[in-house]
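In what follows, a single structure is set out as structure tokens and then discussed.
As written, the chains take the letters A, B, C and D, and residue 1 is the first residue of each chain.
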Amino acid sequence: MKVTLISHTPEPELACALAAKTCHAAKMPKGPMTREGMKRMLDIVIGSGHTSVLEHASFTFAVEGVSRSLTHQLVRHRMASFSQQSQRHVRLKDFEYVVPPTVEKSPKTAKAFRETMSLISDAYGQLAEMGVPLEDARYVLPNAATSNIVVTMNARSLHNFFELRSCLRAQWEIRKLANLMLREVQKKAPLLFEWAGPICKARGICMEGVTDCKFYKLYVKKKPS
Amino acid sequence: MKVTLISHTPEPELACALAAKTCHAAKMPKGPMTREGMKRMLDIVIGSGHTSVLEHASFTFAVEGVSRSLTHQLVRHRMASFSQQSQRHVRLKDFEYVVPPTVEKSPKTAKAFRETMSLISDAYGQLAEMGVPLEDARYVLPNAATSNIVVTMNARSLHNFFELRSCLRAQWEIRKLANLMLREVQKKAPLLFEWAGPICKARGICMEGVTDCKFYKLYVKKKPS
Amino acid sequence: MKVTLISHTPEPELACALAAKTCHAAKMPKGPMTREGMKRMLDIVIGSGHTSVLEHASFTFAVEGVSRSLTHQLVRHRMASFSQQSQRHVRLKDFEYVVPPTVEKSPKTAKAFRETMSLISDAYGQLAEMGVPLEDARYVLPNAATSNIVVTMNARSLHNFFELRSCLRAQWEIRKLANLMLREVQKKAPLLFEWAGPICKARGICMEGVTDCKFYKLYVKKKPS
Amino acid sequence: MKVTLISHTPEPELACALAAKTCHAAKMPKGPMTREGMKRMLDIVIGSGHTSVLEHASFTFAVEGVSRSLTHQLVRHRMASFSQQSQRHVRLKDFEYVVPPTVEKSPKTAKAFRETMSLISDAYGQLAEMGVPLEDARYVLPNAATSNIVVTMNARSLHNFFELRSCLRAQWEIRKLANLMLREVQKKAPLLFEWAGPICKARGICMEGVTDCKFYKLYVKKKPS
């Protein structure tokens, strides 16, 4: 899995802080703002859940080498834009695939998994050679087959994504993606994403009621009230 | 593939027609309306593209036995609600699968396809027995593996879905789904869906510029101006 | 203000409960379900925040006699469908208007308010008579001028609407609307909306940090953990 | 009315063109691309209606001095993000207002209009002084009262906005806004917005069937097939 932040709103913190000021100002506010001024404004809107102003900053990621299991989950997020490599049109000879850690950790399961991938690859190639269109030959391809996808989300949607997907109850592969995305945006916009993460970190609650989780213990205690 | 319309807004045509009247009436309009009155109103809004009023009627389908290729495409429609059978939680022993017609038509490709499905099924079972969690064992499952999904769309979103997916350039499986869904809603709300279908039928244009297509020839000539 | 539930998904609780079951069942579940079975299922999904299944039930309201201040706030909810009476096309002679309670409570402010409404009404009529198109004459009309609007939201979006708008910090008019809508949907779908209301009731938290509010005191203590 | 493009995705054409290439490439495409390469790619996706890739470029506008009539229409666009000056919290003494051209063109209507504005301003001030909260005193404020609003839309949503709002049948004020916004984005991303405009220009059709309109005559003839 490789995650690259390929584009984003310039000065994303400023864009959101100015939008927040607009709501309460007699004149349209202009930049620049000091870091302290932006932090004060953003802490208020994020802390109080008035996060619509976070929609003015967008982030675009190139995501490579993730499974189709992951992308099927990922594209369920509707406040987002996706452009995904098409299995209808791209011939995937010797396709690449993701091996789950629980499979990799035992030589026996790893071997069974890789042999299955190899058999599927052969079958896919044979079907294509026998004249089956790619869009139908791909019906044999496994969930593990990798895909590339460009993902754009605004900062509000990212907060929601992190709340759900960086939680320990999320599936391991999409959690890995969420963590890599979070690291990237925190570099570029620390004020926007300081408290982004699983909902226990972001909001001090666990919807699943799993209060003996290590994240819950870590975050619910640390969060300033 | 089995498509069942399991629920919908009662009197969907009336709901949309009353909403349309609201925009231009001094008093909140009340039902009932005559079929002619509804038809006049709905023909105007649909013909002139003022289709936001169609959002007041929703339709819910149970879709069974479709491939994960199809569902991955389907859930890209964001003006829709989905509840899909989870491969993370449901053990799919002897999983069922979709055989594409281009594979089925030759005994040789059909045999190769079925044998591959059988090998994958064995591998999935073995991985599960060797202690791999279901959510990871499923990485070997093919796109062809079937899924069940509940789909709700409003009439406006359905129009868009049909424009894109009942087009001859759509992939065969999702086109089949679109056609079955269209048949169901036309039974229940003929006035809402009389001109629903590929965009050449619905709008008299082909975005792809494929004017020698049989649908284009059929529909662009027939549509009243 | 008059709020009428004019249409909704039939058996809305069943629609959502069946959708929830679909995610974890090997076969597509069919109705009917017992009330106990539905309650068990819905309590789990609502309690744990897996509320996407609530999108399968929609509710349509006719809302009459609300101010344009209210509708301007209302249409900011984007997970909703609206058909609003047009001031561009509907002549509002002797337009009706909303008098805020804080204005009504003093004879002095009430009188000033009504006289202003009367002057505006005269100006609107004069401009129209002098040939100004309705869509421009309406520029003198006040926020208080009433409007009719048809509103459709699904149960998930309604939960969000109630969390924000039935809160004591919401503006009085939209809170009144939210409370009337909540009363209507609780009659038809008590299992879906038992814990709907301000976020302190629904989620046991106050985003605004106003813990000395009477709702917070009432609900955060009462909510079962 | 003042419209300023305050932020946008850097290299918006490249972001969209790379996303389009991702769908059909075996490897994740990297920039830079030549202008010709981008143009070829974008002409295909825009011409064929595969405009989801345009969602990866966003544009943020500061819009000042527009009427509340306009903003009420504007915020109906749901594929957009808004942060609007609040009349609940901002005291608008001597509020500014928009005078429609049809009112301005006759001294008689202009005078009647301005006198009404003045009376409303007095009433608003008096109510506030008599202790009515701002959020209720504003009920007397007219549609003409100006507002500031920050608007973010992606390029796909902007295309839709221009199709509807730069049409001659759109209301004059929002058409003026659309034209100013279009001019700004065409400067920054000419390849993305070359054919943006009323639907007759963008798609060669008029949904309203107004084929004797000067735009229809101008654009439907000029558009390359």
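Assume a contact is a pair of C-beta atoms (placed from the backbone, for glycine too) under 8 Å apart; a residue touches a chain by one contact, two chains touch by 3 or more.
The structure presented is a predicted model; accordingly, all values stated were derived computationally and were not measured.
Note on connectivity: the fewest steps through touching chains from chain B to chain D is 1. Annotation: A-D is the more contact-rich of the chain pairs A-C and A-D, by number of C-beta pairs in contact. Centroid to centroid, with C-alpha atoms defining each point, chain A and chain D lie 30 Å apart. Put simply, the C-alpha centre of chain C and that of chain D have 27 angstrom between them.
Across the assembly, chain D contributes residues 82 that each touch 2 or more other chains. By the touch criterion stated above, chain B contacts chain D in their complex at residues 47-49, 203-205, 207-209, 225. On the side of chain C, the complex with chain B involves touching residues 6-11, 15, 18-20, 22-28, 52-53, 55-56, 58, 60, 62, 64, 81-86, 89-92, 148-150, 152, 154. Taken together, the chain B residues at the contact with chain A in this complex read 67-69, 71-72, 75-76, 78, 82, 87-88, 97-103, 106, 108-109, 112-113, 115-117, 119-120, 123, 126-127, 130-133, 135-144, 171-172.
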